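Structures follow.
Look for chain A in each of the two complexes below; its partner is chain B in the first and chain C in the second.
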Partner chain A sequence: MRKVLEVRNLRTHFELVEGTVRAVDGVSFQLNEGEVLGIVGESGCGKSVTAQSIMRILPKSARIVDGEILFWNQQDVVDLTKLDSEGEQMRNIRGKDIAMIFQEPAACFAPVYTVGEQMIEAILLHEDMSKQEARRLALKMLEKVKIPNPESVLDRYSFQLSGGMLQRCMIAMALSLNPKVLIADEPTTALDVTIQAQIIYLVNQLQKEYSSAIMWITHDMGVIAQISDRVAVMYLGQIVETAPVKDLFRNPLHPYTRALLRSIPRLARRKKKLEAIKGVVPDPYNLPIGCRYHNRCDSFIQGLCDEREPTEVEVDVAHRVKCFLYGGR
Partner chain B sequence: MLTYLLRRLLFAIPLLFLIAVVSFIIIELPPGDYLTVYVMNLKQSGEAIDEAALQVLRTRYGLDKPLLLRFFIWFRGVLKGDFGYSFMWEKPVSQLIGPRLWYTVLISVLATAFAWVFGFLIGVYSGIHQYSIGDYAFTVLGYIGLATPNFLLALILLWAVYVTFGVSLGGLFSPEYANAPWSWAKFVDLLKHIWLPVIVIGTGSMAGLIRILRANLLDEIEKPYVIAAKARGLPSKELYWKYPLRVAVIPFASTAGWVLPEIVSGAVVTGIVLNLPTVGVILVDALKSQDMYLAGSLVMFLSIFTIIGTVISDILLAWLDPRIRFE
Partner chain C sequence: MATGHKLLEVRNLKKYFPIEKGFFKRVVAYVKAVDGISFDLFEGETLALVGESGCGKTTTARCILRAIDPTEGQILLNIDGRMVDVAKLSRKELKPLRRYMQLIFQNPYTSLNPRLKVKEIVGEPLFVNKIAKGKELEEKVAELLEAVGLRPEYMVRYPHAFSGGQRQRIVIARALALRPRLVICDEPVAALDVSIRAQILNLLMELQEKFKLTYIFISHDLSVVQHVSDRVAVMYLGRIVELASTEELFDSPKHPYTESLLLSVPKPDPEAVEEFRPIEGEVPSPVNPPSGCHFHPRCQYAEEVCRTTVPEFRDVGLLENPHYVACHFAERLSLKGVRQL
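Entry: the complex of A and B
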């Protein structure tokens, strides 16, 4: 398995008047060719900021203060954190080598251009072809994502199409340049359940054909089970557990992962009350000392967890966890 | 788009008719018909009354007929370009208002263009360079522009020009050109004078437009579609022009609805202060002396220009915003 993307000890902070938000604080993971890595965690844990750091499309107030983002491009490897975010090299990677789809498809298309205009623009930014060829490619992509009447959809505006339709268009646009990496930031969260299932099925199908590596961000363990090969669980700006998807569901190690799994609604367990994870997420300006999860953890070890931060340990092949219960002192 | 255009134009017709009705009501508002006022005035000044001339006027405007009929007689006249008779000037209204109306329109159009062009440029600059020194400077200037009444700005500018260049810029022409036939020199003289009322009338609206565009642009720059476009690899310069700005100009264009009436009424007041050959002075005089055919016609024309302006802005809006076109 060859790596396409490796994030090493990434720290992305927001410098605000109120203080520093350590949104991403020492995140490391790798993405291999052709795999789907699911990234899961509660709202505000830094999933989107991680994605924006890779794309280098962070808001003005954010800064990558430490770490590397290595991207294997053809023969050579580049550290994306070292590139100028507005520079040509980064722009050429954005959209072509690493493409991204977002949460709210309706808001991600400008209302004043047709879907086709925006798709064609994206293609022409990176490919040396005529407008007609770009249109043909866009059309072919819309067929690939199973859009009925693709020809007419190209000339529609976003407000004339449904959310599910637009998300298909966005996927078509993202895949049209055959990117090595596709970052999907909660692409199905805003859609209703049946449409969500269709989109996931579609992405699973397309992945066989396009073999892009996918980083799929969600806060829904159910979606993770359906789509990913490997999973990284995030909590407060850090990855607390990484494992192949089967291991994670069969043998979750980190207390936070276990709590997340208990919170999935399952038909079989309908009678049992759905467990919300207890406790509140700490204030991002004042992160807890020691293990970040200690104020909510039910296996909390007094005098250890609230004083020192656990290091990551590899418990099994490709199964790593950051918790004192498994060593990590 | 075509159906929208037609619909919008058709919609303007009842509005225009309504304006005619309101103007007629204004004409009819004072007690007695205007001939009684006319006769009274003549009597007061001890002049002879020409009964035959009175009779001609009476039949021409149907003053002895019932109200509804009078309206239709007047309305038919309006359609033919006969707007009634001004007793104050003792001339048909149509002869009186022609050139003045055109100067008013000219100044209003130029002031609107001034407000839009500079409002746009400064608004874009301020939106893209938020919290820069230039942004702060324009914000302060904008508040001053909004807070200063037109007549005060006019007086300040007149005084400033007089102090620095030693010329008086009141009016639209220097005395030697005021009644001269049109020539290149007269045109140049007009240009030398007209900028002052244009700035005076346009500044308030410009300041408002700057604030609107700046706020819209700042709103749009954060929208997901801008981030998505950036994530596709669009260079940031192109990104601003093509995306947030393109959306932010939509409310900007729709402001024409209030900019135009503001500018037209501003032109009336400023016309008086700056002694311009526009409708300002005669409108006020006509209202003061109950010269109702004149006053009613002027009000009607100013309203019609406002309607034309809003129709133009609506068309612009539909052209800019597909959401309106496909409504």
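Entry: the complex of A and C
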């Protein structure tokens, strides 16, 4: 499998009046051609900031302070952190080679232009074709994402379409330029379950046709299990465990992953009390010293976990974990 | 657990919202948010209302609390053995009854007044109902905070100092201040993170036992519903399509919509990734719902009769274990429950 994207030791920090928030703090992972990498974590763990760092669409207060984001574009390798976020080269990559779909589709389409106008504009920005050709491509893409009456949807405004339909339009728009990497940031969170199931089914189908590598961000372990090949679990700005999806669910190693899997209510397994994770996610301005999970951890080792930060160890093929229980000293 | 005493009887409840147009506010159509639903609620049980957005779950809750006035139907609340029709009472008559019913909201970031201290938020119901004041009020607030797992010293803080899960605990403490009989939980964990969700669900179940509460639990998340509820009512476009005990409903659903809801939940198990075809289409508009059975355009088992006739909401279960369903073919279909998945 060929690498298309590799993130090395990425650190993205926010400089705010109250202090520095180390939202992403030493994240490394790679994304291979044609695979779906699921990134799972709770709010504030840095999963969206990681995505925004790759796309270089961070808010003004954020800065990439360290690390590399390597992107394989044909023969060249570019480090996206070195590019000007508003420069020509990054603008060419963004939307064409790396596309993104967002959680709130209604917020991503402007209400004053039709869906078609916006899709066509995106295509024309990157491709040298006529307006008619672009319209035909947009139409073809809407058919691909199974929108009924695609012709009429092209001429409608975002507020005339339901959330599920708009999410399909956004997927169509993102895939229309056949990107190498597709970043999906919680694309089904705002949708109802039956619509979510439709979108997951659709993406699984499209994945077979387009060879795009997908980075799928979510907080939902169910969605992760259904869609990804590999999973990275994030906690407070760091990846604590990476594994192939079956390994992760069958043999979770990091105490946080284990607790997370135990705490979700499951269908067909009714039990009166859920095993909750104790405590709350710590204040981002004062991160715990040592392992960031130590104050909520069941296997906390005094004098070790609260003093030093574990390094990542490879426990099994492609199964890496950042915890002293498995070495990492 | 349920005692068998009815706490609430809802009969043919309807809520239509008019759509007005033009200068004279002419009514051009109605949104039939709740369209003739009936159910009983027994003391000490948890009844879940599930369904997708726009199916009328929250409107039902707001009608029961008389936060809005229902268009039609009866809401009989058992007050010490007397059934009182909440739907018919005037504002003034309602006031003394309000304390029997409380609501826990979805979003703890918007349901707490940022200018009030926790002491004032939790104490307000006690104060306005003249139950306690001064030192006694503070003691009661402290007791409530302890019951929901917060340190009593926190009562001098403002809501912004708390995390989402802690805020939801404050909301729960406020709801319990008047020792209500019925608590309506409207998506109480939907806005919370996974690791916090379990804490709040456990707390709600503990408090139910401790304070002998009856819950109406509104949620779109079936795995949460299965975990907390004794019985489940599935709603679709303003109607209840199925109502049964939780186990019965999840193991052997009788309505095709329930089956597809169960199938749609992504299972946290990569070994169970199967190539199922999710149901197509979306929930139609409640302004102009499909004729007959509302679900027929999306139903793979639909026949001509489904287009023309509204199916009766009837009991197809055994004597001891009633199972209500509104489907013409409930007896004929054999649908998949979660165990067969």
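Simple rule for what comes next: the second predicted complex is superposed on the first by the 325 of 329 C-alpha atoms of A that agree within 3 Å, B and C clash if a C-alpha of one lies under 4 Å from a C-alpha of the other, contacts with A are read in each partner's own complex, and residues count from 1 in each chain.
One rule holds for everything that comes next: a contact is a pair of C-beta atoms (placed from the backbone, for glycine too) under 8 Å apart; a residue touches a chain by one contact, two chains touch by 3 or more.
Predicted, not measured: the structure shown is a model, and the values here were computed from it.
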Judging by the criteria at the top, classify the pair chain B and chain C on chain A as clash or fit. fit
Touched partner set for A:Asn286, first chain B, second chain C, both or neither: neither
Mind working out whether A:Ile264 is in touch with chain B, chain C, both or neither, as first, second, both or neither? second
Regarding the shared-chain residue A:Val223, is it in contact with chain B (first), chain C (second), both, or neither? second
Now for A:Glu42: first (chain B), second (chain C), both, or neither, which partner does it touch? second
Most chain A residues touched (candidates chain B, chain C): C
In the superposed arrangement, does A:Phe249 touch chain B (first), chain C (second), both or neither? second
Anyone got the angle at chain A's C-alpha centre between chain B and chain C, nearest 10 degrees? 70
Quick check on the superposed pair: does A:Gln75 touch chain B, chain C, both, or neither? Answer first, second, both or neither. neither
Compute the least Cα distance separating chain B from chain C in the superposition and give it as a whole number of Å. 8
If you lay the two complexes on top of each other, which residues of chain A touch chain B in one and chain C in the other? none
Could you please specify the touching residues of chain C with respect to chain A in the complex? 52-53, 163, 165-166, 193-199, 201-202, 205, 220, 222-224, 226-227, 246-247, 250, 260-273, 276-280, 282-283, 338-339, 341
In the complex of these two chains, what residues of chain A are touching chain C? 42-43, 162, 164-165, 192-198, 200-201, 219-226, 228, 245-246, 248-250, 259-261, 263-268, 270-277, 280-281
Which bits of chain A are touching chain B when the two form their complex? 55, 57, 86, 91-96, 99-100, 102-104, 107-112, 118, 121-122, 125-126, 157, 159-160, 170, 173
Okay, in this complex, where on chain B does chain A touch? 223-236, 243, 246-247, 250, 320-323, 326
